[in-house]
Amino acid sequence: MAAEVEIGRGKSGRRAYALDEIGIVPSRRTRDPEEVSVAWQIDAYRFETPLLVAPMDSVVSPATAITIGQLGGLGVLDLEGLWTRYESPEPLLAEIASLDDARATLRLQQLYAEPIKEELIGRRIHEIREAGITVAASLTPQRTAKYYKAVIDAGVDIFVIRGTTVSAEHVSGRAEPLNLKQFIYELDVPVIVGGCATYTAALHLMRTGAAGVLVGFGGGSGHTTRTVLGVAVPMATAIADVAAARRDYMDESGGRYVHVIADGGMTNSGDIAKAFACGSDAVMVGSPFARATEAPGRGYHWGAEAHHGEVPRGARVDLGTIGNMDQILYGPAHVADGSMNLIGALRRAMATSGYSDLKEFQRVQVVVTPH
Amino acid sequence: MAAEVEIGRGKSGRRAYALDEIGIVPSRRTRDPEEVSVAWQIDAYRFETPLLVAPMDSVVSPATAITIGQLGGLGVLDLEGLWTRYESPEPLLAEIASLDDARATLRLQQLYAEPIKEELIGRRIHEIREAGITVAASLTPQRTAKYYKAVIDAGVDIFVIRGTTVSAEHVSGRAEPLNLKQFIYELDVPVIVGGCATYTAALHLMRTGAAGVLVGFGGGSGHTTRTVLGVAVPMATAIADVAAARRDYMDESGGRYVHVIADGGMTNSGDIAKAFACGSDAVMVGSPFARATEAPGRGYHWGAEAHHGEVPRGARVDLGTIGNMDQILYGPAHVADGSMNLIGALRRAMATSGYSDLKEFQRVQVVVTPH
Amino acid sequence: MAAEVEIGRGKSGRRAYALDEIGIVPSRRTRDPEEVSVAWQIDAYRFETPLLVAPMDSVVSPATAITIGQLGGLGVLDLEGLWTRYESPEPLLAEIASLDDARATLRLQQLYAEPIKEELIGRRIHEIREAGITVAASLTPQRTAKYYKAVIDAGVDIFVIRGTTVSAEHVSGRAEPLNLKQFIYELDVPVIVGGCATYTAALHLMRTGAAGVLVGFGGGSGHTTRTVLGVAVPMATAIADVAAARRDYMDESGGRYVHVIADGGMTNSGDIAKAFACGSDAVMVGSPFARATEAPGRGYHWGAEAHHGEVPRGARVDLGTIGNMDQILYGPAHVADGSMNLIGALRRAMATSGYSDLKEFQRVQVVVTPH
Amino acid sequence: MAAEVEIGRGKSGRRAYALDEIGIVPSRRTRDPEEVSVAWQIDAYRFETPLLVAPMDSVVSPATAITIGQLGGLGVLDLEGLWTRYESPEPLLAEIASLDDARATLRLQQLYAEPIKEELIGRRIHEIREAGITVAASLTPQRTAKYYKAVIDAGVDIFVIRGTTVSAEHVSGRAEPLNLKQFIYELDVPVIVGGCATYTAALHLMRTGAAGVLVGFGGGSGHTTRTVLGVAVPMATAIADVAAARRDYMDESGGRYVHVIADGGMTNSGDIAKAFACGSDAVMVGSPFARATEAPGRGYHWGAEAHHGEVPRGARVDLGTIGNMDQILYGPAHVADGSMNLIGALRRAMATSGYSDLKEFQRVQVVVTPH
C-alpha cells in the first residue's frame, strides 16, 4: 500500500509528505469550539494545552518556562544553552539580537564554545521549580551520562533527551554510549526522547521505556538539515509512521501508550492542527514563541544546530515580535496568518471537523494537495 | 479508483485537486459562442447568468444587490454585516478602505462587534425588494434561529444559510442547535446552504430539503483557512464529489435535483469555467466583483472570516478597481487576465469545447496539469 | 495505460504533461551534429529547416516572410492582420511598440477593428511571391469561406487555416459553417489546419484531407487561454496524442501521412527539440522570432487572441531584440538561454542523443521530470 | 516496477528524480562522525576524500590541482582550457572576472578560440607532477586521439575523457571516431570516462575497460543544457541507474568493479551526501570550489559548455568567495548553507544515518519529497 517509487534501477524510496502538502477534511458533523477538549496527559502530568515549547535559548529561559507553565503548556529548558554556560546570559542574548546576518553564525559558535557549568544546571532548574509548575529540561544524548545526576538532583519532573537524531542503538568505538534502556529504567522521572522519524527507529525508542518520543529533527524554522546533510523526512509521513509504531508497541507491550510528540517544522496553527490529524499526542514548537514579547531572543530565533562548531545546520532568523505568550496561545488574534491564538485555532479546526478531543481528532480525514 | 495515497503507516488520504491544477479539453466539435446558453434555474427562479455574488460587505450592499439582479445575476446580502449593524455604513466602508494593512484586522473586529439590529434586517430586504428583483440574503447557522422570522417576514425569495462549514448535524451541549431539516421544511422559500466540501456532508445537507448546496469554505480571495486551521479541500475535487452526491441523492429521493453551487476560490473566468466543468450548476463569487466601480469596498475585499473576533482567517486585500459590474459580467474586456467579461469567457470556453448548455458542459473532458 | 486520475467522485481526467515537464534522454550512441539532417518535406515542398513562423503581425510581414523563406524556413502571413487591413501598417507597428502596457490591449482592439480589404490579400501574397520562395498564408475558419478565393487566385502555395480551436465539425445555427472536407478537396493547394489538441479532434481534421495539422492553441508567449477560458492541454501530451492519430489515420487511409506541427508554447530551442521528441514533424513558433532585429514588432510580441474585441486572451509582451533571423536560426549564439541558433541546438540535441534524422528522433527516449 | 507514465498516446517515459527531490532517511542506528570512513580507492590510487574537482578553468589550475591533491582529493586539469592555449592565463582569468554579464559569453568564445599548444599539455602535467601528488587531466573524446600521447608521455596517473555525452559508439561519417575500447586497452593508466546518464550507455562504457564512469552531463552550476538542448536526466535517477549497471557489469565481467562518479549538479553538501545515497562511489564537483579563495576564477564559474563557439549551453556565473579549499572541504563552517565543510557534513550525514563507510551508505533508505 505504501507509495514506493523507483528512483532508478538501483534505488527505490517511498513518497513522503510534508505537513504543507496535506489538508484536513471536515466530517459531516460540526461542534462548538468551546466544547472541544485539547487537554493532554503524559505520565502523572496533565496539561490543558498539548504544547511543549522547544529547548532553544531564543524561546525558553527560566522566566519564560514559568510563563509557559502558568499558561498551561510545558516549556523545556535547554541545559546545554546559554543559561548553563553563563551566570548572566541576558547581555549575550541582547548581543545576539544585534548581530548582522553575516556574522551571526560565527558569533553563536564562539558564545556556545563556553563550557557548561554543572552548578548552573541545578540553579536554573531550581529557579523554575520555585514557581510551582511542572519542570522539564533537556540534554543531548552525548552529555546525558555526564549531567543527568545534576538534573535529577535538582528535581526535574520530565526529562527530555533531544538531538538531531537519537537512536536506541548508538555505535561508538571511543566511549561507552548511553544505554538508553537501562538509563530510563533507573530514573524515577518520565523521559521524552528524540528526534526520530521512522517507524523502526521510533519502535526501538519506545522499547527503551520512554514516556514520549519526539518526531522530527528538531531545529528552528531556520534549519537547513536538508541542504547541509541531505537528510529529510517530511513531517506528515514521519508522524503517521511513528503513530503506527505507537499502536504496534502498545500491542507488543501489553498496553503501554508512548506519546508521540511532533517536534519541529510547525510554523503556524494550521501546521499544528495537521500534526494532530496525522497522529500526534502533543506538539513541540519553537518559532511561534520566538515571536512573543517575552521571548529571550527578542524576535530572533535559533536552535542548537545553528551554533554547531563544525557543521552548523541552521541560521539565526529574524521573526519579529507579534504579541505576548498568552495571546499567541489563546488570542484573540489580530492577524490572520496562523501565528496567534494557536489553541483557539486548534479548537476551531477540531470543532469544524466534528471532533471533541485530540485522540479522536487523530482519525480525521485528510487529503493530499500541493500548496 | 480514487487516488488514495499512504501518507504514513498510520494515515492515508486521497489526492485532491485544486481548480488551477486542471484544464478543460475541447471536444472534436466547436460552436458559436452566441448560440451557447448559460441560463440557470433554481426552484421558480430563472437567471440568465449562473452567478451568485457572495454575501460579503465589500461586494454586496442593497444597492449593488439591485444592480447585480438587474444584470441577470443574484447578489446575496449578508444579514450579519455592516448593513444590519449600522444605520449608515457608508462612512465605515470608506474608513475600511483607508486603513493601513497592519491595523485592518483589528479595526474590522471592532466594527463588526457592534450588535445586529433586527429592525435593519427587514429594512435592507425591503430596499432590495422595491427594485423588483429576486431577493436573496444570508445568515450563519448560529444566528438563523434567532433572525429567520424577520427575514421571511420581510419577503426574501431565496434564503441562504452560509458558514465556513455547515453540517446537517451540529453537536452542541449548550443550546439546541438549528434543526436544518425541520427548519427548511417549515419555510416557504427555497434554501441554499453551505459550505460543505465532501460527498457525505453534501448528501446530508441535500437530505435536509435544501434547494442548493454551497461547495467550499466561502471566504474572499484573502482567506487563510489552510494556514490558520489546516483545513483544505481543493475545489475541483470538492465540486466533483458534491456533484456525485447530487446524482446519488436524486436517485435516492426519486428525482429531487439539488443545485451544486461552487463558492469561493474562483478569481478569474477560467476558474469559473472549470467549476462548471467539474459539475457546478452555478457559482458564487466575491473577489471578481470587489473590483467593480460600484463595489462598496472601493477595491478592497474581505469576508466574514476576516473579522472573526478570536480566530480571524482572512485579510482585507487590496484588489483595485477595473470596470463596472456590467463590464465585469459581459465585457468587452480590455485586459486579458480573466477578470472581465466573465460570462463572455464562459460562453467562449463552452463554445470552443463544443457544448451548448451548462448541464452538458459538466461532462466536458478535463486534464490534470500543474500550473 | 493512460494515467487517468480521479479528480472527484463525479469526474476523472488524464494527467497531461507540458514540454517543460519532460527531458530528452540520450541513447547509447552519439553522432556528429554536422551529419544530422533536419530537413522536412510536406507535399511537394521541401524545407532545410523544419520550422514555420506563426502568422502573427509581430513576426511575419511580407518582408520577413521572404527573409524566413530565404533562410530555409516557412513564414506564414496572417491575412487577417494589419497587412490586409491597412495600406501602410509600418507606422501602426511603430505605435504599438510605443504603447504603455495598460493601454496596449485597448489600442490593439481599436487597430484590428479596421475592416479587412480583400484587395490587400492579393497584393500581400504577390509581394511575397515575387521573391521566388514558397508562399504560405493563413485565415481563420470564420473567414475562410469569404476570402479563400482571393488567396488562391493570388497564388498561395500552402494554405493555413488557423484558430484557437479548429474542429472538423463546427455547429452553428446562424450560417452554414465551413465544410472543411469539401473545401480542402476542391482546393489545389495543400492545407494545414488547426489548432487541435486531442487524438479525436486531430483524427477528424486528418480525415478532411489536410496535409498537416497544427497542435496546440496557437497564441504568442503572452497567451492567457488557461486563465481566461480554463482551457489547457499541455503540449507534450497534445503532440504525442496527435502523433498517435497520425499513425492510426495512416493505417485507416491506406498510407496517407498527415504532418503534425506543434504550434505555440515553445520559447527556446530545448522546447523545440522536445516537440520533435514527442512526435512533431515540424514546429510553428512565434516568440523566438519576435526577438529578431527584422521583426515587425520591434521586440514586442502579440497574437490574434490579444486583440479579440470581446474576450482578449493574451497580452502584448516585451521580449526585446537579440540578433537577426539568420543568427536566431543558425547562430553562432552568444547567449546560452536557447534563444539563438535554434537549428544548431536541434542538431546537437539529435546528435548527442544518437539520431540522424527527425523521423527517427521522434522515437528518442524521454523522462518526466519537474522543472 | 519502474514508474513509466504515459505522456500521450504515442509516447511514454519514466518519471525521473533530481537530487533535490529526495531525502536521506536515518536508520535506527547512529554513529560517531569521527568513526566514519569516507576513503575511496580507484585502481591503485587511494584518496582520503572521495571527491574529484571538475576540469574547469574556474576551479582547477596546476596550482589548485596541487592544493586539492594535498588536501586528499583529486583535481582534474582541463587540457583544452586556458592553460594549454596560453603561456600565461592569469591575466585572462582576471579579465574574465571583470567582464559584465552581457559580454561574458562572447569574450569566453573568443578566448577559447585560441588553438591548443601540444607543448603546453606536457608542461602543465609536469608542473602538477612535481608536487608529488596523483595527477589527473582530461580531454574531450573529439581531441583524445590527437593529444593522448602527449598526456601519457607527460606522466598522467588518471586519464579522464569527458564530454557532455560520451558514448562507446560514436557514429561519424567524416573521421574514424575514437575506439574507446581499443584505446583504453592500450593505455597503461586507468581511464575515467563520461558523462553518461542511462543504464545502457553506462554499461557500454564499462565494457570499454574504463576504471570509472562519470554520471551526468557535467557542466557548472550555470549550465543550461535543458533549456538549450532539451536534454535532461535528473541526477538521482541517473546515478541509481548507472549503479545498477555497475552491479550487472560486475556479474557479467566476473568481478570487475567500475566506479560510478556523479558529475555535476551538486551544489551543496546535502547534494553530495544524496549522490552517495543513490549509489555513487565518488563525486566530481565544480561550483563548490569556485567559491574558494584560491580558485582561478576569482569567485566566477564557467564550464566548457559556456564557451562553445556555436551553441553555448552555460553561463559564467558569479558565486562569490567564502573560504579557502581546506575550509570548504573540512571546515569548520561559519555558514549553514552546505557550502563549507563538505566532508564534515558527509561524515555527519553518514553517522546520523548509522553508516560507517561509503559502500554501505549506498544502501541508506531515501524518500521522495518535493522541495
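Going by the order they are written in, the chains are A, B, C and D; count residues from 1 in each one.
Please note the rule applied: contacts are C-beta pairs under 8 Å (C-beta built on N, C-alpha and C of every residue); 3 or more make two chains touch, one makes a residue touch a chain.
Owing to the predicted nature of the structure, the values given are computational and were not obtained by experimental measurement.
*Asks:* Where centres are the averaged C-alpha coordinates, which chain has the largest centre distance to chain B?
*Replies:* D
*Asks:* Same or different: do the copies chain C and chain D touch each other through matching residue numbers, with over half of them shared?
*Replies:* different
*Asks:* List the centre-to-centre spacing of chain B and chain D in whole Å, with centres computed as mean CA coordinates.
*Replies:* 56
*Asks:* Would you mind pulling out the distance in Å between where the CA atoms of chain A average out and where those of chain D do?
*Replies:* That pair's centroid distance is 40 Å.
*Asks:* Where in chain C do residues touch at least two different other chains?
*Replies:* Within chain C, residues 15-17, 237, 370 contact more than one other chain.
*Asks:* Graph of touching chains, which shape: line, ring, star, complete, other?
*Replies:* ring
*Asks:* Return all touching chain pairs.
*Replies:* A-B, A-D, B-C, C-D
*Asks:* Could you please specify the touching residues of chain D with respect to chain C in the complex?
*Replies:* Residues in contact with chain C: 5-18, 21, 105-106, 109, 164-174, 196-198, 200-201, 204, 222, 224, 226-234, 237, 305-306, 309-315, 370.
*Asks:* Any idea which chain B residues touch chain C in the complex?
*Replies:* 1-3, 15-17, 22-32, 34-35, 199, 236-245, 247, 268-274, 277-279, 331-338, 341, 344-345, 348-349, 352-354, 356, 365-371
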